[in-house]
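Chain naming follows the written order as A, B, C and D, and within any one chain the residues start at number 1.
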Amino acid sequence: MDWVYLIEVLVGGLMSGVMYSLVAIGFVLIYKSSGIFNFAQGTMLLFASLTFVKMTENGIDFWTALFIAAGIMVIFGIATERYVIRPLANQDLLALFMATVGLATFQEGFSQFIWDSDVHGLQMSKFLDIGLLDPAPIFVSDHIPWLDILIPKFDIFASLVAGSLIVILAFFFQKTRTGLSLRAVSDDHMAAMAVGIPLQTVWAIVWAVTGIIALIAGLLWAERVSVSFTLIEAVMKALPVILIGGLTSIPGAIVGGLVIGVGEKLGEIYLADVFGGQGIELWFAYFMALIFLVFRPQGMFGEKLIERV
Amino acid sequence: MATIPGLVLSNKKSNPNAIALRYKQLGIWNAYTWTEYAAEVSKTIEAFKSNSIGKGSVVGIYGNNVPKLIFSISAIQALGAIVVPIHPESTKEELKKIILSSKADFLIAEDQQQVDTYLGVASECSVKNVIYLDGRGLASYDNSNLTSFDDLISKVSGSNTEIDINSLNDKDTAFYLYDEYEDNLYKVSHEALVNNCKKIIELNTLSAKDSVVSYLPLSIPTNLLFTYVTSMASGMSLNLPESNQTIEKDLQEIGPSILYAPSFVFKHIITSISYRIESATQENYDRYMKHYDSLMKIYDKEIKGETSIIDTLTKTWLMLTTFAPAKNVFGLTNIKHAFVSDGVLSKVNFDFFHAIGVEIQHSFGQAVSCGCISVQPDHSVSSENVGSPMKGTEIKINNNSEVLFKTDCLGDSVSGELNIEDGWVNSGYVGSIEDSGALIVEGRSDDILTLKSGTKFSPEKIENLISCSPFIKSTVVIGSGQDSLSAIIVIDPNSVNSWADRKNIRYTGYSELASKDEVRDLIRDHIKCVNEAFDSELQIKRFVILHRTLIMTEGEVTKTMGILRNKIATNLKDIYSAVENKSDSITLNDIDKLTYQLNVNKVM
Amino acid sequence: MTDILKVENVTLQFGGVKAITDISFNVKEGEICAVIGPNGAGKSSMLNVINGVYLPQIGTVTYNGVERRSINPRDAAIAGMARTFQNIALFQGMTVLENIMTGRNLFMKSTWLEQGLNIGRARKEEQQNRLAVEKVIKFLQIESIRKTPVSKLPYGLQKRVELGRALVAEPKILLLDEPMAGMNLEEKADMSCFILEINKEQGITTVMIEHDMGVVMDISDHVVVLDYGKKIGDGSPKEVMANQDVIDAYLGVSH
Amino acid sequence: MIYRETGHFVTNYLKDREIFPLKFDKIIVILGLLFLYLYMPTTSEYMLSAHVIPILAVGLATVGLNILTGLTGQLSLGTAGFMCVGAFGTYNLMLRMPENLMSLPVALLLSGIFAGLVGVIFGLPAIRIKGFYLLVSTLAAQYFVWWFFNSYAWFLNYESSGVVAIAPHMYDYWGLGNLLGVDMQGYPARYLLALTICIGLTYFAKNLLRSNTGRNFMSVRDRDIAASVMGISVPRTKLLAFFVSCFYCGIAGGIYSFLYIGNVDLMIYEIDRSFTILFMLIIGGLGSISGSWLGAIFVYEFPILFTWVGDTIFQGAFNTAVVENVSNMVYGVFIIALLIREPGGFAALWATTKQKLRMWPYPH
């Protein structure tokens, strides 16, 4: 076995894992605060990046476009809480899930209706003068002579963004008042309400924050796979990630993303022949998650559910 | 053969496969044909024979309408014994009174509730044996006097013998019937009862194809006549609901063509309609009210015979869209005759029922007169009278306005003498006779109140008018020996509830609702309205809204919701004395040993 | 009378928290045994151990002479255990009738194919079991609500329906978790009557968790008192009421 | 308003559990059946091929999904995958089995069973995994099945284009067409076969729903612990739900390929279709068989109707992309609005209307 190749694959896997994690974080935020499995996460990515791309295509400069897109996502998040989630507050989680399925469908139609259904490329290097956005990969062997692998610079950039995002979120949760309320809400809705935390405000903030995360993740994904309907498909991959991670845990989302990213690459390379066909990447992540969950039904970092009767 | 068991046999012969009895049990309707009915009766006869019920026995039938009790009636009578129907909710005192004056030696009790009531008075009675139908809860009872009905039946050998009625005479006593107002027991013969019933059947052309629902106990003499005996004498099916809670639904399922009920039941139907409509959307509510008004206008024209084609078409439309479905919900769709006893319906309600095609027919009768001496014909338009005397019956009014009658279907008092004046029986009611010959009954002669000024009047007339509001369940007018009248008002929980919901009035329970100012105003407006129909002296000047309903098991009302004034005056004596003293608030020590604060409200 | 149920040295913990510590008691065939104790005393957990919802770390439960540490709840049902739950666990999407019919599922022998085609055994069973259900409906006097969705019923009636669902399974032993919680006096009286009748007339052993001491004293033959997961009293209602530990636990003497 | 229940009473328990207890309903159903069997086949070929047969196919799949998700509470996004198994199963049975042994109805039945078994395999994790976590299993099914038939060309008879047309002799039904002198490949004949299968399976589902199996399904959905305490085997019930549900989906897939489009095309069974059927289910109402049909009609017909409106009123202003996007928006709005106002979907709206008609003029 060529171990250098293996490392290259591993690094590649880790990098795409980071991309999955970025999407998964948004899922987890909402699930943790309200128990809602937000199926619209993927279309939020599409909507955010499409909005951004269309603005830049129309000559608005990068930062202004980013700012406006973020604003739209915040408004959208708050509106979602107000008009979709709040009226359904007393319904069971399945109904809320279905509502997000409806939201996703709406958003899918809406974003392509007001913009268009074309495929848009996004090259951030056109707007940002950051060395990491240079398409040429980094040759690790230039620095570590025995490690002869290539790392695309963009992957490093994505990891850095993801890393900072996590740091910011961690700070937000640990230090800010809103963050603390959010943690209280996720622990116990009733108790949080009893001590006077405005549940609906907290949810609105969560949806707004999730919108911004969707924008960031959307831009990074768009850079890799272009802005189009395929973004939604790509995001379906985030499902096994958060399920492995355990739905309620942000570290879980990260570790889950890395596991799936690496596992998928390894599977494609070492198992594809066994299955006599290419493209097992299509389903391999789900099988990994499935096998994992059979042994640990609550996911890696999820809380074990003791059913009270 | 004009005996009850004889009718079983003749029905078996003429309609062997027609449905005699239909009852709902365990969620489905079961039925007995007349053949099966007769077989059940003959089995029951054998069972009772083995328990030494025989000629001369007096047997209490104590419970709701369940098939076994229905079969028992004919079985007991076929054995030459006399049946005493007893209301399942009877108080101990009432039960004791009935048992002692009828000298009942057997009791057929429905379940634990009846057995318990009986055991409370058992030591003072000489009942030889109590046969119970439902042994539930009785396993631990140690009383050798208790026998299970099913045990008796199971010991009967399988072979079906024909019911033997050779030893019966038409003139034999069939029932002892209890009159709650008189607190007295009357005996009626097979012949009197059956012939009286045949008059009704003939008058209204009832046949075996009809069906009747009996949901009140047969201890109510009018109910016995109009449902049980009618079914026997005409061969129509008698339908029994599943339980007291399911009556409304069961009535709808059967959709009978004949309905009998005391006036309070029809009042209840009106109240239900009212509170259901109250909780509809404003739009539907308005539409219903509009339809109601046009329907009543057309009905007025119909009475005068002035209807045009447009009216007929409009009425068809109104019926189709609103009132036929409304009848359907209450199971009134197929009703051909609806007999009412124990009071009359107010004009508004009477007209409404007639307008939607439910032929309300007022009737009047007591235990002593086999349940009926007068009944309104089909398509009667007067809501005030109770009909003309039936064939073989004469009615007149004496100097004290009391109703006297003569009938060929007369019973006799068991315990005392009948109140007979020159060959006429005094009914104990006051009333008058219209020019048409129809009788108007105003109230009981015992209830007549005398004001300080010496004016005498029957409070029931005022009470009926006040109670015609859907928000008022019952009314008691008081004022004997005083200069003005007052009323105790009992609000109807259902309709007042939905009215309050509509008005966004918050409350936690019945007594809080009754004490609400808004409710007081509602009642006051209604009383003001009623007052306009009376001279100043007979107007209600003050009223008290009671914090509870009147309780049947405390003897405050009869089984047909008639007011029993004496008991109420005892139970609510604090209200009476407060009214006498003209005080504005009452501290009431109620029968539940709790104290309530009530207000005396003035009608301005 | 023989012991139908023996609980021996049962300890149950969730993570590090001990819900039940070393509890033993016996239930005689045909008796009404009340398990009482303050909130959080481990009463519900005890029932859950008995019919296999929870698996105790230590200890055994002997039921019908078979000793075991754990049982599948389904096997417990087959062996004749039926129960109700503290926070009503009715099937909210079904009517009263359907809920009680589920209690008859062990009596249904027809296959799903027969049921889907509505032929043969399936039709017959549906009728026969409906009859059994209707008898329970009559017994509990809930005829007027048989076609009502349970989610539309008030709390007291839901409790009654849940009892019906357990009863219709024709169990040997009934485990009732706070059958009278949240009821008014009249409903409590009705419920007490039902429980007594079930016990006395159908001979079904009943283990019942109840807070209302009046009810417990009235209808139970045997009382087990738990506090903080430990047994502090066991005996006839009278004996238990005289027990100093029990009095302390109920009056809240600090530990 | 039109319901007259007075005088309707039941005298045994069988009558009490009839699907259509009221005479009025019975008449409507008989008229409906006469319409579907006698009138519908005589309408245009376009009507049958573009509207009715596809609705029958997707509606049946919705009923299948309903059994799993609506009745048993097991969320599934693998519907198209199971349909795919049915379509390929039918094709390969027809292709590879001797002609005198195999006929389309039999092949449909067998491939339905096969799809059911595949469903059971992917349902196995449901024994341990609950709630949203189960999504991963049905997604695995969807993607794996699709990949599988894409990778192994044998199943497509090595057709390089990825689409294989169905040979006319496959509609032969053991020569029944020749015997009756009817063109069995024609749309009326296809329609009648699809209709009969759908009515039969809808009746079957309705029977399940009102029997012990249906109650077991619902008890697992509503409170699985209580279900197991009642003696219901939760794993067995879940697997049975997977089997029955996927059986329906498999047959629906067969109908879609054989009786509707007339070829077997992998692209039809991508995950979008799973979602479309989920929309049908949600809009129609979870747990209601008739609701599934209503939902299927709505979701299928909306884009067609919308295109028609665009063509006739706005002179073809709406291109396919617009139609698709607007349809998606409408589905989304309908789903959310229904969940808020009437969580039971169209079925509940219908039930409420019916109840209103029964109680009219009273509100309750």
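Heads up, the rule we're going with is that a contact is a pair of C-beta atoms (placed from the backbone, for glycine too) under 8 Å apart; a residue touches a chain by one contact, two chains touch by 3 or more.
Since the model is a prediction, treat every value here as computed from it, not as a measurement.
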| item | value |
| --- | --- |
| Central chain (by mean CA position) | C |
| Interface with the most contact pairs, given as the two chains involved | A-D |
| Far-end chain from chain A, centres as C-alpha averages | B |
| Mean-CA-position distance for chain C and chain B (Å) | 44 |
| Chain A and chain C: spacing of chain centres that average the CA atoms, whole Å | 47 |
| Whole-Å gap between the CA centroids of chain A and chain B | 74 |
| CA centroid of chain C to CA centroid of chain D, Å | 41 |
| Of all residues in chain B, the ones touching two or more other chains | 27 |
| Multi-partner residues of chain C (at least 2 other chains) | 53, 85, 89, 130-131 |
| Residues of chain A touching at least two other chains | 309 |
| Touching residues on chain C, where the partner in the complex is chain D | 51, 53, 72-74, 76-78, 82-83, 85, 89-94, 98, 101-106, 108, 110, 112, 115-118, 122-123, 125-127, 130-131, 165, 169 |
| Residue ranges of chain D touching chain C (in the complex, touch as defined) | 12-14, 16-17, 204-205, 207-208, 211-216, 218-219, 221-223, 225-234, 240, 244, 287 |
| Chain D contact footprint on chain A (complex, rising order) | 37, 84, 87-88, 91, 93-95, 97-99, 101-110, 112-113, 116-117, 233, 236, 239-240, 243, 247, 275-280, 282-283, 286-287, 289-290, 293-294, 297-299, 307, 309 |
| Footprint of chain A on chain D - complex, ascending | 73, 75, 125, 128-133, 135-137, 139-140, 143-144, 146-147, 150-152, 225-226, 229, 271, 275, 278-279, 282, 321-322, 324-336, 339-340, 343 |
| Residue ranges of chain C touching chain B (in the complex, touch as defined) | 130-131, 134-135, 137-139, 141, 143-144, 146, 193, 197, 200-201 |
